Amino acid sequence: MEYLYDAWYVAAMSSEFPDDGIFAREFLGVGVAMFRQADGTIAAVRDQCPHRFAPLSRGKCIGDTIECKYHGLRFNGLGECVLNPHGDVIPPNAHIRHFPVEERFGLVWIWMGDPDRADRRKIPDLEFLQQSDYRRTIFNYIFAEYRSDILVDNLVDLSHADYLHVGTFSGGPGEDTQLKVWEEGDAVVAERVQIRAPTPPIAGFLGPYTDSTFLLKWQPGNVLSYSIRMVSSDPALHGEELQQFAHIVTPANHERTHYFMAVTRPLNGRDPPIEARAANQRRVVSEEDGPMLMAVHQQMDGRELMSLNPLVLPTDAASLRIRRVIKRLKKRDSADLVPLS
Amino acid sequence: MEYLYDAWYVAAMSSEFPDDGIFAREFLGVGVAMFRQADGTIAAVRDQCPHRFAPLSRGKCIGDTIECKYHGLRFNGLGECVLNPHGDVIPPNAHIRHFPVEERFGLVWIWMGDPDRADRRKIPDLEFLQQSDYRRTIFNYIFAEYRSDILVDNLVDLSHADYLHVGTFSGGPGEDTQLKVWEEGDAVVAERVQIRAPTPPIAGFLGPYTDSTFLLKWQPGNVLSYSIRMVSSDPALHGEELQQFAHIVTPANHERTHYFMAVTRPLNGRDPPIEARAANQRRVVSEEDGPMLMAVHQQMDGRELMSLNPLVLPTDAASLRIRRVIKRLKKRDSADLVPLS
Amino acid sequence: MEYLYDAWYVAAMSSEFPDDGIFAREFLGVGVAMFRQADGTIAAVRDQCPHRFAPLSRGKCIGDTIECKYHGLRFNGLGECVLNPHGDVIPPNAHIRHFPVEERFGLVWIWMGDPDRADRRKIPDLEFLQQSDYRRTIFNYIFAEYRSDILVDNLVDLSHADYLHVGTFSGGPGEDTQLKVWEEGDAVVAERVQIRAPTPPIAGFLGPYTDSTFLLKWQPGNVLSYSIRMVSSDPALHGEELQQFAHIVTPANHERTHYFMAVTRPLNGRDPPIEARAANQRRVVSEEDGPMLMAVHQQMDGRELMSLNPLVLPTDAASLRIRRVIKRLKKRDSADLVPLS
C-alpha cells in the first residue's frame, strides 16, 4: 500500500484536540507532534528530535515552541530549532519537518506532503457536516487495527452490508441492484440503487420492503461522504428515510488506521435524534466490520490487493477506480518528486 | 522444515468435530474450513474467499455449502463457487482449493496435496485403536507452540524419557540399551531394548528393575504407533506390563503443531483402567515435554536441524532415517510437481 | 550495533549469584549458563547442548558438571563433554564454548571473546567500590528494554540531566558549562564543569546555586565510573557535596541490556547514609531514563546512530570518541579474527 502524500488528511476531531499541551499521532508512518499556538492555529512538526531522536511529544510547550525533554532543544511550529542550550550556534541541520494544518468542519486537517504544495482550497468540502443552529453532527473515532486500503474498499462497496450487517444496517439483499461509478475530477462517485430489499430495522415504518438510492463520494485523503434515500417498495406507503454521514480514513502506518465517522441531520423538528444512530454506527463498525477487516488484514499479510490476484466482481468498480485515481495522483505526488526532510 | 504434502494427516479427533457449523484449523500453513455434509461425510476447503480473502469460517453453512460472511459468495465442498449474488455469471476463477477428508479410527484425516493423488488406502492402519466392545481408546489433543519436526524427533528418540521423564514415564537409564532402526516401505521402525532399568512408578509390581522392549513405527503424516512390553529383571518375579498408544503430529505451520495422542487397552478384565493413564500422558506431555520443546524451538530459531551442525548420537538413528524417507518422498510430492491452486 | 568481544563485562552482582544451581543470562546475544564450582570459582558455558540445542540451564549441576535435562549429556566448566550415556565414545565435537569468569569488587565479570586472550589484569579497576570496614557500597540491577549503546550515550552526556532529571538529580541548566574529553589508553575521560546552576534537592545546604565538577571515565566493557564535586556558587557558603558511583552496561543482545549501578561512600561518620540515595538512583533511572530510552530505542528501530545522520552537538564529544575507540579495538577483536566455537 503506497501512501498518497499530497492530500489533506483528517488528523483529529476538533473535540479531542487539547487547548494546551502536545497532541501526538502517527500519519503515513510518520510520528507527528501537534500543539495549539497562541493565535489559535495548530502547528504540527515531526515528533522526533534530530539530535538523539527523542519523541518531542515527551517534552512541553514553551510559548509557541516545543522543548525536547531529553536535551532541551527547542523547535517552533515551522520545525526550526530556535534554542540550542549546548553551543553558541544553532547548527544549520537542526530543523525538522513541519506539516500544514487547518481546522475546518469540526475536524483538524493535515498535509503530509511538501508544505509548499499545501493548497487549503483543496480541503474536501464537508459543509454538510457543519454544526449550526439548523444542523447537528456527531463525530466518532476508532483506532483501527487493520490497513487503511482494506477499510476504504469496505466503505466503497456497500454490497457487504447485506451480509455483514444484515439485521443492523441492512435487512438483506434486494431483488435487483444497479451500480454506477464515475469520476468527478479527482473524486470517485458511486450510485447504488437497490430495489425491493427487506427493510432494515431503522426504517420499519416504510413497510417490509424498501427501494434505496445510495450516493457515495470518495475524495483524496480518503474522505467519504454518503447520502442515502429510502422509500417503501409499496406505492401505497409514503414517507422516506434520509441519511447523511461521512467516513474518513487516515493511514497511521501500513498496519493501522485512524477511522473517523460522522452522522448529521438538520434540526428541522421532524428527523429523529441522531445520538442513538451515531452510537449504533460506532458499535456496528466496531463489532461487525472490525473483526472481519482484521481477519482480512491478517489473510492479506501485508501484500497488495492486486498482487493476490483477487476474484474481481462488478461491485469492486469503485475500489478499482479509486486505485487508478491514486496511481494517477502518485505521478505528481511530492513524496515521489522531492525529498521530504 | 519442508512440508510433505502427499500424506494423510490427522485434522481432528472425531469427538471434537461438530455436527453442525464450520470447524476451522490450519494445516501445513493453510487455513482450512471443514463442515459435515448431509450425507455425513466431511468437506474441507481453503478458509479464504478468493474475492477479498475473508475467512470463510466466519460465514455459515447453507445446505452443503458455505456462505461467505463478507459478500455472500457460496462454495460447495469441492471449493466450487455455486452462487455469486453480485453478477449474472460465476467467474471461472471463483473457486478455492478443496481437500479430501476421511473419517477413520475415531480420527478425521485430511490430504493436503493434489486431490487426484489422494489414495484412501494409504491412510495409516490404526486398527489397534478402534473402539469396540473389546477395546477402549482415549484421545487427547494439544495445540503445541513448537515446530512439528522437533516433536517428531522427540517422539522417536525414547532415550529422552530417562532424563526428561524420570519419575513419571521412566525410572531412569538402564544398565544396557540396544537400538535397532529399519525401514518398512515408507515407514520407519525402531526397536529399543532396555536391560535392568529402575522400574517406573506405573509398574512397581514388577520389582525395582525391569527389562523393556519398545517398538515404535513412524508413518508419513507423522503417525507414530507404539507398543511397549516390560518384565521384571528379577527372573523370580512374573507378570508383565503392556502398553499400546499413538502420537500423531500434524504441522499447523512452521511454528505450531497439532499434537494428537491416544492410549488404548483391551477390555479383557485384567488391564487397569486407562482413564488415569491418558490424563497422566497429557499432563506429562504438557508439563515436561512442552517447556523443553518450546525452549528447543526458540534455540533453533526457525533453522533446519542439520544446518545447525548438531552433535549426532546413535540414538538419533530413527530421526535421521525419517529425514531420508521424507527427502525421498518429496521427490514425487505433488506440491513440488504441480501448482496447488 | 557491533559487539566488542574482547572486554570484561559485568555478568552479575555477586549478591544475586546463587551458591548452588545454575544461573543463566544472555550476553552479546549468547545464552550463558553459569554455576559455582566446588573450589568457589564460577564456571560459564554456552547455554545450549550441541546435540539437540536444549538450554543446559534447564538441567542440574552434578559435581562440577552440568547434566542436560533432555538426553543426559554432561559438560564441565570448560565446556567439555565428560559423559555421553548413549554411546561408547564421546564424539570429538561434543563440546561447547566456555567463558572465563572472575569475581571482583562485588561483581561477576565475564569474557565473551577468545578465552586465550582473557587477561584478568584488564578487568577495570573499581577498587573505589570495594566494601570494607571503611566503605559501604550498594549495587542495583535493571534488565533494561533498550539497546546498550543508547544507554552508554545517555550516561556519558550528562547534559541530559538538566532536562530529563530536573527536580531529581539536577536543579536545571547552569549559566555556563565547559566540557573536556580525552583518551587515557583505551579509556575515555570527560570532565564537565558547570557554573552557577540551580542546586539540586540533594544539596540544598549549599544554597540556591552551585558550581559542579563531574569527572567520568568509560572503559571497554562499558564500565563507567563517576566522581562529582559540588560547591556553593556563593563564596560565603562553605561545604561541599561529593559523590562517587558507577554505571555498568552489558549488552544482553541488540535489543536488551543488563544495567548495573553502584553508589558508594566512605564510612567516615560525616557522609549521609547512601541507602536512600541508591534507592533514589534506581527509581530515577527506571522512571525518568527508562521511558525516554525505550522511546529512543523505538525511534532508532535497530539502526546505527550515525546512519541516521544525527544532529551532532558539542555535548556528544564523549559519545563519538567512545565509538572511535571501539572501532579501533574491533580491529583486533577476537570475534573478528578467530571463529568462536
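Descriptive notes on the structure:
Labels for the chains are A, B and C, by order of writing; each one numbers its residues from 1.
Definition applied: a contact is a pair of C-beta atoms (placed from the backbone, for glycine too) under 8 Å apart; a residue touches a chain by one contact, two chains touch by 3 or more.
Remember, predicted model here, so these are calculated numbers, not experimental data.
Residue numbering at the subunit A/subunit C interface overlaps only partly, since under half of the positions present are found in both copies. Between subunit B and subunit C the CA-based rotation angle works out to 120°, given as a multiple of 5. Subunit C has its Cα centroid 48 Å from the Cα centroid of subunit A. Along subunit B, no residue makes contact with two or more other chains. Those residues of subunit A that touch subunit B in the shared complex are 153, 157, 159-160, 162-164, 173, 177, 291-292, 295-296, 299-300, 308-315. Against subunit B, in their complex, subunit C makes its touches with residues 31, 48-55, 58, 67-72, 84-87, 91, 93-94.
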